[in-house]
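The structures come next, written out as structure tokens.
In the two assemblies presented below, chain A is common to both, partnered first by chain B and then by chain C.
== the complex of A and B ==
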């Protein structure tokens, strides 16, 4: 086993260790440790990606001296390392972009605790990406849930408590359903490792034994992760949770946390749950319907919303609808499109949250449309970032959002006819709805506003510079992902059968 | 002839007679805790503020909306009950289709469980199969579990940690004064409880128990000590700084020890950790040390939860 093959394990342990050590450090040093950890994780994941994408193979890594069904195990393939790389870079950019707000919103004494939550969030996301064991997945889902609550309520003002409680209740229902599903799965297969569990389930289906538990397991695992990632009927916690937390938290929650659960669900669909059997196809249809409904309802809610941050949050509901629609198409192309959209939406959403925060700051903290009038002139970088993010959301060519929409449309051609037509119509309507609220916002921020000509002089020095740098980098990444998409799509296509 | 006691008013019998009638309480004024007196400096007129808000936002709470809201609440209530009943029935039906409890042919009695039972002692050196499973075979999960406790503790601290703006002198108000049952009882019980907890932790690889249960016992002992003797005495050793340091040290040890074991295991290198003599106190490789680490983390988490919820700071 070469040194590079150890890197995913190093990434997980490093992020957990930086969380532990941050408990003794001051807020400033905790931040330094966090950023250093993220850079290290990013570099190591990139090197793993290089190796796995070149060889096109996946390998398992034994956590300890005992082979898999007895000990723990992680499995590393091209897609997993691609996800780890993109998650680490998005988290780094979100923390950099939100640095000024983190300093303002969280007081000095609690700063190191905030970075502990971020460190453990990264650890749990990495573990969710790499794990090949269902119970390990559950343990890290717990860490992810608790640290997400911490990230939401770190601001400690007004509505964040309510939103944290709502998030916690919904998220714990999701965890509970997942755990029940897991126990049932263990009861009928006796396995917690992913591939043997699949074998056990398939054997049960062939023998015709335990048919009801198999269906219930599929429902519970899918719905549990669906609730946690904000699938349409369970999306009510999203606008509160994303709309009031500090911008870095909002960006991380919307672009990474829900995506971690979605990635785990995709792995379950490919590796564990018998989705190609009759009950599985029903689940696909349900996911498809919920995804399409979410695309519509999320966009309509976003149009009705006046608060710009809640508007962006509702747009997350719609975008998660896209991902589930891709899953529900039940084709390889659909899953590839969903995986691409996970990365693309992560970049877009963190860019939108961070640039929206910049715009709000330059408008004396006003969140509504009237207050934001002319904000694009007051804060040029944030204005450009918001425009790029919005155009990408709508699906402008050359930007990553266009590529993912194109991939969804292309994937729909391979699906059943009814699904194809519904998916196309949904994509068209959703694009128009996206355009309505995002273009309206862009027009508002570029409408000259005579009354307030004052440039927002923000006292922040290095942090303010970081915010600008992060906005520009995220915009550049969206353009790069949009123009050089064949590279990423190639990795996804080659790695898909290794993921399953 | 009965002699009258001239000091009957203040005598013990008089007090006893009054006590039986319920007129006199010897412990009165000695046992109660006194909640901190609310400072009247912050003279915000909450009722007036509410009234003002109500008058200003009257148009928000129109009657029609209220009707809609109550209708929504009724429907919500009904649907919630329906959903709860449905899920309960669904899960009960599912459970009835599962293999019978204790069935020898059940799917979970497969090669996975068999190896734990048959080779656990030989491979890990731990007599307690549960300990060898959670701390050796599946130690990564348990490291995750300790991190769950850690993240929960930091989360609660972040929420409840006092800002330092509140006055510090409220401490004496929270402490039970001269509690005549609690203190003597605690003086006897606390050492016993803590020693029992240490026993449970140290024998975790030999008998039922281990880090999680032993840590919970020690944590309960520490909380009892704090309740009986107050923050000042408990804080001499269990200060915030000390708790931080020992939590970090034990988690760091866990992290490094298991990283070494994972790294050597995955790369098929020779490990210096050996199972030792089964049954001895210092056997079973890392398990005994990991149990100690987990125990410390659990005890510190419980104690800091209690402190955070009671006062907000150490």
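== the complex of A and C ==
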């Protein structure tokens, strides 16, 4: 065993320890610790990715001294380390981009608590990515929920408490369903590790025993994670939760938290739940229908929305619909497309939230279309960032959003005929709908305004510079991911059978 | 069907409790009742796990009387899961209660529907004020 193989475990433990240390530190030092931790996690995950992607193999890492069916373990492959790398970088850029707002929105005294939430969030996301044990997954789902709630209510004004309580209620129902699902799974297989649990389930199915409980388990686990990631009929909490939190929180919540749950679901689909059996195929169809409906409803809601941040939040509903549609296609290509969209949407949404915050600041805090008129001239970098993000969302070539859509369309050709036609039509309509609200916004911010073209007076030069740097880096990453996609797609394709 | 309900009465009870808890969490408008629903929901899962781990006539999996034979004890894993789950649900309920207190201080009510109504009213007033301001600026 080489040193690099220990790195995923180091990443998890490092982020947990930085949360503990931050209790004793002032806000400024907590931020330094957080950023240092994220850079360390990024570098270590990149090295793990390098090793696993070159060898193309995955390995399990024993946590504690007990071997497989008893002990706890994490499993590391190319896709897991790719996700960890991208999650760490997106979180770093979101925190950098939101630095000015974090300082403005949050009390000096409570600042270290905010970074503790972020540390715990990173730890739980890494654990969700790597874990191979169902109950560990449940525990980290709850940690993720609690820290997400902390991130939402960090701003401490009336509106966010209501958002937080709505988020908590839906999330807790989701985790309750997940918990009872995994208890049932434990009851019929006696296993909590993923692969042994799958073996047990398959044996039961072959024997024809426990057919109804197996379907119930699949429904409970899928619906539980679906609620928590904001799948269409359960999406009502999304605009509230993302629309009013501080921009860094919104960016992290929409681009990482829901994706952590989706990645766990993809792992469960490939590793535990017997999706290739008859009840599994029906589950796929349900996910496909919900995904396609979510793509439409999310975009239509976004068109009707006046508040720009809520509009971006509704677009998350649509984009999560894409991911579930890819899962529902029930082909390897569909799952690869979903995984690619997890990364691509993470970058785009983070960029949109941060650049929208920049535009809003330069328009005296106005969130509606009238107020934002000409904002692209007042804050040039944010305007460019918003335009790049919007074009990528619509699916302009050279940007990562185009590659996602292309992959979904390509995956649809390999699926059953009915699904193929529905997926194509849905993609086409959804692209038009995306264009309606994003292009409208881009046109608004580049409509010349009578008011003076002055930059909003911002104090705190370093943080303001960070915001611009993060916007530019995220835009660049979207272009890089769009133009050099074969590299990432290659890793995803090679790693997919190792994930299962 | 009938006999299996009677042999698995703990599991049946826990599923019924789970549904009661979930419906309370989802549908009650009073925030305290929502939290009670959450606790019922979690407790029902612990009942389910404890019932699954219990084996008739065996003892608690605590090593005190010098017996190392596994067949003397019940299955310890579900007990461990219940303990972990209790810790998780305690922290979640504490967070919900803290949120409830903050909301009560702000809106002087525990009813989520009333809070939402107040919030909508406040938002529409803000929006009207904002558009009036814009019109005023435009006429200048």
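Methods note: the second predicted complex is superposed on the first by the 499 of 500 C-alpha atoms of A that agree within 3 Å, B and C clash if a C-alpha of one lies under 4 Å from a C-alpha of the other, contacts with A are read in each partner's own complex, and residues count from 1 in each chain.
We adopt the following convention: contacts are C-beta pairs under 8 Å (C-beta built on N, C-alpha and C of every residue); 3 or more make two chains touch, one makes a residue touch a chain.
Quantities reported herein were computed from a predicted structural model and do not represent experimental measurements.
Residue contacts after overlaying the shared chain place A:19 against chain B, while chain C stays out of touching range. Applying the stated contact rule after C-alpha superposition, one finds that A:473 touches neither chain B nor chain C.
In the overlay built on the shared chain, the residue A:81 is in contact with neither chain B nor chain C. Once the two complexes are laid over each other on the shared chain, residue contacts for A:430 go to neither chain B nor chain C. With both structures placed on the common chain, the touch criterion links A:139 to chain B and to chain C.
When the two structures are aligned on the shared chain, A:370 is found in touch with chain C, with no touch to chain B. By the document's definition of touching, both partners, chain B and chain C, reach A:153. Of the two partner chains placed by superposition, only chain C is touched by A:176; chain B is not.
Once the two complexes are overlaid on the shared chain, A:168 sits against chain C while remaining clear of chain B. When chain A is checked against chain B and against chain C, the one touching more of its residues turns out to be B. Taken together, the two structures place residues 135, 139, 142, 146, 149, 153, 180, 186-187 of chain A in contact with chain B in one case and with chain C in the other. The touching residues of chain A, when paired with chain B in their complex, are 1, 6, 9, 13, 16-17, 19-21, 23-24, 61-66, 69-72, 107, 109-110, 113-114, 116-117, 120, 123, 127, 133, 135-136, 139-140, 142-143, 146-147, 149-150, 153-154, 156, 180, 184, 186-191, 200, 210, 212-213, 216. Contact residues on chain B toward chain A in their complex (touch as defined above): 90-91, 93-94, 97-99, 106-113, 115-116, 123, 136-141, 143-145, 147-148, 150-152, 154-155, 157-159, 161, 163-164, 244-245, 247-248, 251-252, 255, 258-259, 261-268, 271.
The touching residues of chain C, when paired with chain A in their complex, are 18, 21-22, 25-26, 31, 34, 38, 41-42, 44-45, 48-49, 52, 77-78, 81, 84-85, 88, 91-92, 95-96, 99-100, 102-103, 106-107, 112, 115-116, 119, 127, 130-131, 134.
Of all the residues in chain A, the ones that touch chain C in their complex are 135, 138-139, 142, 145-146, 149, 153, 158-159, 161-162, 164-165, 168-169, 172-173, 176-177, 179-180, 183, 186-187, 192, 306, 366, 368, 370-371.
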